[in-house]
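Letters A, B, C and D mark the chains as written, and numbering starts fresh at 1 in each.
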Amino acid sequence: MSPDGRSVDMSTYITHVELANPVITAAGCAGTGRELAPFFDLGRLGAHTTRSITMAPRAGRPTPRMTETPSGLLNAVGLPGPGIEVFLDRELPWLAQRSIRTIVSIGGGSVAEYTALARRLAGAPGVTAVEVNLACPNIEDRGRVFARDGAASAEVVASVRTVIPDDVPVVAKLSPDVTDIVTVAAACAQGGADALSMINNPLGMSIDTDTMRPALAAVSGGLSGPAVRPLAVRCVWQVYNALPLVPIIGVGGVTTGRDALEMILAGACAVAVGTALFHDPLAAVRILKELEELLAARGIHRLADAVGRAHRPPGSGSRHLEESSL
Amino acid sequence: MLTTRRVDAYHALTVVAPGIAERYRPGHFVSVAVGGPGTPMVTRRALAVHDVKPDYGGTVDFVIAVSGPGTAWLADRRARDTLDLVGPLGRAFPLPRDPVNCVLVGGEYGSATLFGLADVLLRRHCRVDFVLGAASADRVFGALRARRMGETATLTTEDGSLGLRGRVADVLPGVIADVRADVIYACGPMGMLRGVTAVGIEFDIPVQVAVEEAMACGIGVCMTCVLPVIGDDGVTRMVRACAEGPVFRGERVRFDDIGTIPFDALGAPGGGSARNVT
Amino acid sequence: MSPDGRSVDMSTYITHVELANPVITAAGCAGTGRELAPFFDLGRLGAHTTRSITMAPRAGRPTPRMTETPSGLLNAVGLPGPGIEVFLDRELPWLAQRSIRTIVSIGGGSVAEYTALARRLAGAPGVTAVEVNLACPNIEDRGRVFARDGAASAEVVASVRTVIPDDVPVVAKLSPDVTDIVTVAAACAQGGADALSMINNPLGMSIDTDTMRPALAAVSGGLSGPAVRPLAVRCVWQVYNALPLVPIIGVGGVTTGRDALEMILAGACAVAVGTALFHDPLAAVRILKELEELLAARGIHRLADAVGRAHRPPGSGSRHLEESSL
Amino acid sequence: MLTTRRVDAYHALTVVAPGIAERYRPGHFVSVAVGGPGTPMVTRRALAVHDVKPDYGGTVDFVIAVSGPGTAWLADRRARDTLDLVGPLGRAFPLPRDPVNCVLVGGEYGSATLFGLADVLLRRHCRVDFVLGAASADRVFGALRARRMGETATLTTEDGSLGLRGRVADVLPGVIADVRADVIYACGPMGMLRGVTAVGIEFDIPVQVAVEEAMACGIGVCMTCVLPVIGDDGVTRMVRACAEGPVFRGERVRFDDIGTIPFDALGAPGGGSARNVT
């Protein structure tokens, strides 16, 4: 509740799909959902994002799979999971029964694989949106990651979009390791992405100075946590600036309500929480509460009014467009 | 936090945590946030529960070996500081129904987790014998208490500074024979668990091991703490030490393949075992 | 001194130019050199790198020019400085008189401007090497940063290389905000770069959640400090792997001797210290001492033997090539 | 660190730092590392020196207003913790040769820096009068001491909770007239310094201001703390508050242009003043 006693309307939209609030779990950071159930009711969040689901079961990478870096975490987990069939059989129904809004993340090695995954998901009950994890190596392009190439990303997105029913948004998840994130974002939007999620982990590396060998078995890995937040905020800002009508899920180092607000002011209409869940299983609900309080304290009664607000010149006010004198 | 004190090479902490104390069963661990507000250390640290006591509504004891910045921070805490704990976590030691003979084997601070177990076993009228080892005398944890609680307590150090020179797996066969052991419980470094498991297999005695894998979350969501374990169906899976463990049946753990994805594991690269799907 | 009583040979080479040790100051982080003189003798370092020198005097960006981020610093300082004439007149001679090895960093808005700067530097006494800061907007390409484009970077490097005397190495300083750092590195090497320096600051952004406006006057800025070290180590690793013969100056978040060793193991033959100097004016000399101790403790008697060592499979030993039985 | 105590809205720290105490002159500041080992806060915090005393070889006092994580960390320190200080830094207040009448104007914790100055001025037989202001009574620092040291001490608060309701610049003209001031020294928020400077110009009295700009290094290497200041040659330059300041002649500081690069500054974009080169 705000100082003037009004509560904040926290609802948000990924295109036409309404979420009760903008705080969601990040792909690969909240398990199957069951693991968090002892801590809080996942249904309180805007949505739960699954880990990236693959066609076949995957054991993932060897250990060590992670190492800490200053304010960050390097991981090379390698999309472990039981494959789409087990997911549809045992994981999605558990979420659907509890009416947990579920964004299903998918990962593949070729356009055909992403399409096949989308085909299996099409019509499955309980799929709120499909997030296309483009940070996967393209086996048809010598392992070059899709997200590094606008055209390849757009091709995947377009193909998934064709297969997924119209009322289920397709979200393209982008990586920051590109020369120009706006080009990739625009290509994905052009390809039919209803929304964009950013950022996936930039590629990093750490060497154990005692063994004098890479700290991760996989040599390099993805950097996450507060260390990457400035990169994520920059990407959200740039893409919102270029494509103000495309909904953005802001991801990267969100640990507090202030961090979530930062993403929203930069242009995100939803905020995903990843690494922070490792540090505090209650992080997502805490962030939601803090965010609501921060909005209220600023006299902002609708979350939607805060989205992209830092782009407006100071003093341009908070009036809704429909109330504007233009 | 209640008290903090040094015990040989370790730091012992006592924390008031009624919720954890109440639900604790031997083998459980907790995770603790380190570094305070705004910490640059983004993952929690796993700590075995050493002891729980009913004082102040319920206290929990930990034994800490400083190995990096997180454990160093923990060792620096003073009485009355607060700690952010999550727990109890993990799968506890399965307990025998009957009053059998149990050998409890601990390496380094891994011994700490065995005393809560010994308590429960003794209450069930099991015979308890200890085998504790470490690199040197100051790193053998709980020798006195083991002597008090156990029928026998055999100590080993690699440098011979306390007890027998050598490793716990070296003396274990003798202990097993002497006490006519029915089951072995072990906690300590992976190399030790491998050795103890081999002895258990040799003597055809079940071994319950509590493993230690690098953990980021402790609650099963990050998938970093996996090791290859053979399931009831004979299939090797990369399972989470925090959620499916830390306690496993020793002979199910593929110790030699830790740090790899065995080619025959479910979902191993190459897809050799894709036929195992569903 | 190592446990066996032998001291470590810390000398290193940027091509044929020998530095007494591998620890240098990073461009723009050690002022004119004079500011650090009250704290330690700059001559104790391998070299001092100047801020990027421009043709005309530059006032730089408005304030706020910096904001802290978790384990990082965002800055938008904007290459302030008095211009090349004042630099040659008053700053370089001060360094030269004290025999401080000096790497002169230059920044321009066009190939012509870089070339003009190089021409003014050619023959100036006391220039140990020239570092080409490619993270400058190219006014002839709508402000696109040179470092984001291999061809544009190579063109600058080639032109500078032509003008600078052969015995003065030209170092190309690269930014990590590219799809493939190896491509840019290879283009620069092809263009005549004698060595590579990486990384310059990745672009980041932070929003003040109280004012709800960007924290920096310039909106976005460069991220530095320990937060970016995993990105820097990864870039050094990748480039060393692809171009093992090109000397690399590792830069990004080096704060301790361990961090410096990490860079060296990844493939750097010199390590530049930037943001750490803000936190500890003595950082560079402390890091040098720590690095020497770490090498000694590992039984490594020549710094050169540690360069790129993490690339070697474990157990492949530390024998020099000439001692090898191959 | 020796002691730590609360003083109204502030925290006062006393630190043993002989090297700093010895070289200190009024107006100097120090920088302090915050957050301890491995801190995520990569920049130092600037703190004005409040007092130096000869005890323990030389102690230094600071007054801290909590405004963010770094100052919060400082306020949390306990006696006997150590602090990593660099200093003294910056350009000190220029001192009059003759025994003139000085008005010392302080806003919020900015007052802290004035007492060391008053000491020296009094030793030079200057007359010292204080004008101290803040938002509210608990934020006026050093009122008692100002009353003791100064010929007069005029206090203002914006909410009227202490002294006169209003700002220091409101009462300053009256004080200047009353005490026939020859020079004004001021330290406090930029807005206050601007107001005080305006009064000084009106009365044609020199004003020495100690400014506060966000600083990352405090030693002149990071170039983040700049503000537009007019040089002896009439040219505006973006100068560093830490190295060229923090003390400036008030009328030289282009207060209205802080946060911008004035178009006529040396090296301003557009290159309008490139003719000023060399």
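Basically, a residue touches a chain if its C-beta (ideal position, glycine included) is under 8 Å from a C-beta of that chain, and two chains touch if they have at least 3 such contacts.
Only a predicted model underlies this, so the values are computations on that prediction, with no experimental measurement involved.
K.L.:
Return the chains common to the contact lists of subunit A and subunit C.
P.N.:
In this structure, the chains that contact subunit C and also subunit A are B, D.
K.L.:
Measuring between Cα centroids, which chain is at the maximum distance from subunit D?
P.N.:
Computed centres place B farthest from subunit D.
K.L.:
State, to the nearest whole Å, the distance from the C-alpha centre of subunit C to the C-alpha centre of subunit D.
P.N.:
Averaging C-alpha atoms per chain gives centres 36 Å apart.
K.L.:
Subunit B to subunit C: how many Å between their CA centres?
P.N.:
46
K.L.:
When the C-alpha atoms of subunit B and subunit D are each averaged to a single point, how far apart are the two points in Å?
P.N.:
Roughly 57 Å, centre to centre.
K.L.:
Which residues of subunit C are in contact with two or more other chains?
P.N.:
Only 70-72, 225-226 qualify.
K.L.:
For subunit D, jot down the residues that touch at least 2 other chains.
P.N.:
38, 40-41
K.L.:
Quick one: do these chains touch in a line, a ring, a star, all-to-all (complete), or other?
P.N.:
complete
K.L.:
Can you check the complex and tell me which residues of subunit D touch subunit A?
P.N.:
The touching residues are 38, 40.
K.L.:
Using the touch definition from the top, list the residues of subunit C that touch subunit B in their complex.
P.N.:
Interface residues on the subunit C side: 70-71, 226.
K.L.:
Spell out the part of subunit B that touches subunit D in their complex, as residue ranges.
P.N.:
Residues in contact with subunit D: 35, 37-41, 69.
K.L.:
For subunit A, which residues are in contact with subunit B within the complex?
P.N.:
Interface residues on the subunit A side: 28-31, 35-36, 39, 51, 56-66, 68, 70-73, 75, 77, 80-83, 85-86, 89, 217, 225-226, 275-281.
K.L.:
Which residues of subunit B touch subunit A in their complex?
P.N.:
Within the complex, subunit B contacts subunit A at residues 33, 40-44, 84, 86, 213-214, 216-217, 219-227, 237-238, 243, 258-261, 265-269, 271, 273-274, 276-278.
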